[in-house]
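Pasting the structures here.
First chain A sits with chain B, and in the next complex the same chain sits with chain C.
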Partner chain A sequence: MTAPTPIKKALKPADVEVFAETIGHYFERITGEKALVRTAYLLETEAPPQDDFNGMIIVHGSYQGSVCFAAPRGLLTHVLMRMGQQEYSDADHLDIVGEIANTLAGRARRVLGEGLEITPPHTYTRAGRALPSPASGTPLVIPFTWQIYAAVLVVHLDVLG
Partner chain B sequence: MTLKLLIVDDSTVIRNRIARLCQDMRLPCLEIVGLAGDGRQALALAEQFRPQLVTMDLTMPQMDGDECISRIVDRLPETRILVVSALSDKATALKAIKKGAQGFLRKPFSDEQLVESLLELIR
Partner chain C sequence: MEKRTHGWLGKYKELLAAITLFLVLDLGVLVFNTFTSHLIERDTALINTAGELRVYSQQLTKSLLTLRQEMQASEPIQSSLAELGEAHAAFTSALGQLRQAGQGSGLWRAPMDSSGQELLTQLDDYWGPIGEAAAPLLDNQHPAAMDVDGAVTKAVSRNVRLMQLADDLTRHLEEQAVSRAAWLRYIQVGAILLATLNFIFIVFKFIRRLLESDRQAESARRETRDILDTVREGLFLLGRDGRIGRQFSRSLPSLFGLPLQGGQPLEPLLQELLEEEQHEAARDYMDLLFNRKVKPALLEELNPLREVALKTQEGRRKGPSHLAFEFTQVQENGEVSALLVTVTDISRQMQLARELAVTEARAGSEVESLLAVLDQDPEQVRDFLQAGDTRLNLVNQALQDVKPDTRAYAELINQVFRGVHSIKGEAGALGLMDISAQAHQFEDLLTPLRRRHDLTGDDLIPIAFQVGELREKLARVQTVLARVNRQRQTEVGASHPFAELKKQIEHLALKVAEDLNKKVRIEVDFPSQAPDLDERLLRNLREMLPQLVRNAVAHGIEAEEERLQAGKFPEGTVRVEFLPAADGSLSLSVRDDGRGISCARIRARLLELGHTPERVQAMSEKELLACLFTPGFSLLEKAHEHAGRGVGLDLIRDMAARAGARLRLSTLPNTYTQFTLQFQPAP
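The block that comes next holds the complex of A and B.
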């Protein structure tokens, strides 16, 4: 006898709000300036947006899918500066984009709970490749701006019921 | 008295930030004896240097922070561990404390929060 296939459900609007709140909180805590989070939208047909640097967290447990943070070099250089970093190599930018992705996904557990199990980040440049997301639903893009820079958090999660 | 500190995080930027803050904020009682990017490295450095204090990330490759805390507590029960993690749910914090960590600091953290948490651990 095979195990029953878990029912997959979409995230609720309140769950999406958690991710938007984590973006605002992150930038305020690290830089002292809030990010302006814009209206989230579903990504029906296009490929998920990528940027100069991308950090992807694979999610399993009670949720299945991925959380991906994509940002331009300039934004990440500012974050590195605010953290007191004195070198700004590609490796440093990849490191911080992965750390931000990890922090945004991890902080969502405050509301979504420990069932949102996350892996260490997979990071890549614009020329690189994302891992395939294990989610089957439609990805949700949360765009935001910080200073003059625009970036996105792509949340692609199924809720297993 | 100087206390030996081991910094464990899979992010080089975060490891450097913690190290720099310990120096810049003038915590003269701390001597950084090692920086580790995963649990296995951390365990090897802990056995080599026998630090009194450890800052410990949880989500890491090779060996995660949970397992690393258990092993350090087994081998060096006097070591005090401050978990510094993005995993913000209460259950994770409680689990880390049960395993033997003495403090839990959520990422993202401010400079002042880190220093305060380290001082709390030293007191």
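The block that comes next holds the complex of A and C.
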């Protein structure tokens, strides 16, 4: 039997749903096509899922933890094309996940409370490293689909307030 | 009130003084003008009089010469005498007036200056001899020629000088008048200037005061507006006519969740917001509030709207779910003229209170659940926890692997439901009510999802949460169990494998009966000698037996009244038998002496669920009974903790299939229902 830890003390599904909505609407706004939630599950492994490009924010305050968005290159290249960009460098792809992480930070501040301290987005490639999350519970993984691509949102938050 | 009047006077004291000064100055100018015009008039009269002296002197001289000539020519002298008399009298009178004016007595008389006085004296001196010489001629109709000659001589010799003096006096008086007029003009201009300045002061002061008042009024209005726009509470005045005041806080419409206008009657709003009973209580209370004889402290006690739940209106009205109304009387002249109403959103407090109550209940349930572990066989609890954890891992894996397809989502929901229902049943059997309640809550989430055909990935997010919650409950029991195990390490010995199971079944049956307000007796007949059972079969028994017993008590056994009406004992009986057969097979049966299964009832239920009457009528008894094993089908209209989800028999069928057991159902309406599981011997 694995040693499960509580995923949240008082984190509510609605708190996580707003992050999922944010991702969905971001893709709808930029590409005209919404990214759809495929499912949601508890992360059993130690290492959070990573992809070609990752953008994460660290949250302190009444909520503590991290929110991370990971997406493959192909998906982000499509987004860059829809945005009318001509360059598809790693930096451009990182900019997109950074912008998504920034949008998540804005949403987190509005929904979870203005008093939250949220770090600027940390972006990294598959070769890079995620920042350690200050949360202790079990992360929740929300996979998305957009056309043929798959991306994931990992919400790892404890409620301290 | 007196204070206010005093204050009002004080406020305008300066202005009143200025206006008074203005009036005094105006009045002064008027009086001065009158005085001035009188002086000018007098000066004019004096100038004229002085000027006339020359004429009179000339006239007198002429009349004397004419008199002498007429006397010499022996002509009548009456007219000359008359003319002489007139000239003499006029001169004397004019001189007298000038002399009187020169003395300067009386309110309106100004003294003649020294030059004037001197000229007047000289005139008097020159006139004296002429006057005296002419005087005897006046009273005599036949004056002597000598007298006339003497008078003529004096008049002729002095006339030129007299006329010159008269001219000098006239000129002097004119100069004096001009000089005085100039002074008077200066004074007049000065006074008018003062009055004008005073007027300007008044106007300036008045406008400044007006502007100040306007500014203060505007400031007060803005402050009130700012307060009303900022304050989170709903504030308004309620008049005796039951109407909301024209000004109210901006938050009020959002608190009511309705559009508002000043002057609108409050009662229809309350009618829309409150239940009928509360609305009536509120109306009576507000009538009472306008009665000044009722003590304020009592009024506060009586307030029926201190904490009030609002009508939801099926989600049409947006806004808080709970409000608190506070009323304060506004008194004027000893009468309650209006009510100051403060409306506060207490939805959050109410929600917190509810959550606190739930948390407390949950905490109590958790403690109860954890303590229940002490009464159980640790092996069984451990098995249950392992199985539960395995089930949740499978559920989580299924969540992770599910394809984005509505059918796959529906299958997943059913799979999760079965897993959760199984955990609930076993937890109930072990007395782990906290886990059982959590699983029930999970089922509450899943039940509406099972009916939907438009599931999306978003619907799975709360499921993942519930998996975490349930897993947490299991982990807590696991922690307690580990401690209990340490304590019991030396105490655990070989025990009868059925002893604990029997205890659990009895406990479960009584618990379900108690929850459903039924009376039940449980008879468990297990073999005294434990057969040699493999671990798999023992697990199957532990999983299926609680489901069957729960089903028997919840569905089979009737309520006490129903049993009495059916001519039965008030206490129902559930009998569990586990019998080994000679061929090595094992038979497990659960029989209740309850209402049995009525095919008519199944048909009625199918019709309620929307099946066509033709199809339902065409179904055989076997087909009808098979419906009981269909996922989601239940004879109960409303689910409760122990039944009604339509998953128990579905689960048993699956378990039986997995265990390779035959499941049989026999029933007789109003008599009994029996489920029998026939386990084949292990190969």
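Heads up, the rule we're going with is that the second predicted complex is superposed on the first by the 144 of 161 C-alpha atoms of A that agree within 3 Å, B and C clash if a C-alpha of one lies under 4 Å from a C-alpha of the other, contacts with A are read in each partner's own complex, and residues count from 1 in each chain.
Note that a residue touches a chain if its C-beta (ideal position, glycine included) is under 8 Å from a C-beta of that chain, and two chains touch if they have at least 3 such contacts.
Just so we're clear, the structure is a prediction, and the values are computed from it rather than from any experiment.
Engineer: Could you tell me if A:Gly84 is touching chain B, chain C, both of them or neither one (first, second, both, neither)?
Structural biologist: The answer is first: A:Gly84 touches chain B but not chain C.
Engineer: Answer with first, second, both or neither: which of chain B and chain C does A:Val159 touch in the superposed model?
Structural biologist: It touches nothing on chain B or chain C.
Engineer: Which of the two partners, first being chain B and second being chain C, lies in contact with A:Pro13: first, second, both, or neither?
Structural biologist: Second partner only.
Engineer: In the overlay, answer first, second, both or neither for which of chain B and chain C A:Ala40 touches.
Structural biologist: After superposing on A, A:Ala40 lies in contact with chain C but is clear of chain B.
Engineer: Based on the superposed arrangement, let me know which partner A:Ile142 touches: chain B (first), chain C (second), both, or neither?
Structural biologist: A:Ile142 sits against chain C, while chain B stays out of touch.
Engineer: Just to be sure I follow: which residues of chain A are touched by chain B in one complex and then by chain C in the other one?
Structural biologist: Comparing the two interfaces on chain A, one with chain B and one with chain C, no residues are shared.
Engineer: Help me check something: in the complex, which residues belonging to chain A touch chain C?
Structural biologist: The contact residues of chain A facing chain C are 1-8, 11-13, 16-17, 20, 36-42, 44, 137-138, 140-143, 145.
Engineer: If we count contacts the way the header does, which residues on chain A are in touch with chain B in the complex?
Structural biologist: 25-26, 29-30, 80, 83-85, 91-92, 95-96, 98-99, 102-110, 113-114, 118-120
Engineer: Taking the complex as given, what residues does chain C use to touch chain A?
Structural biologist: My answer: residues 385-386, 389, 393, 396-397, 399-400, 402, 404, 456-458, 460-465, 467-469, 471-472, 474-475, 478.
Engineer: Please name which positions on chain B make contact with chain A in the complex.
Structural biologist: So the residues of chain B in touch with chain A come to 10-14, 16-17, 20-21, 24, 59-61, 85-89, 91-92, 106-110.
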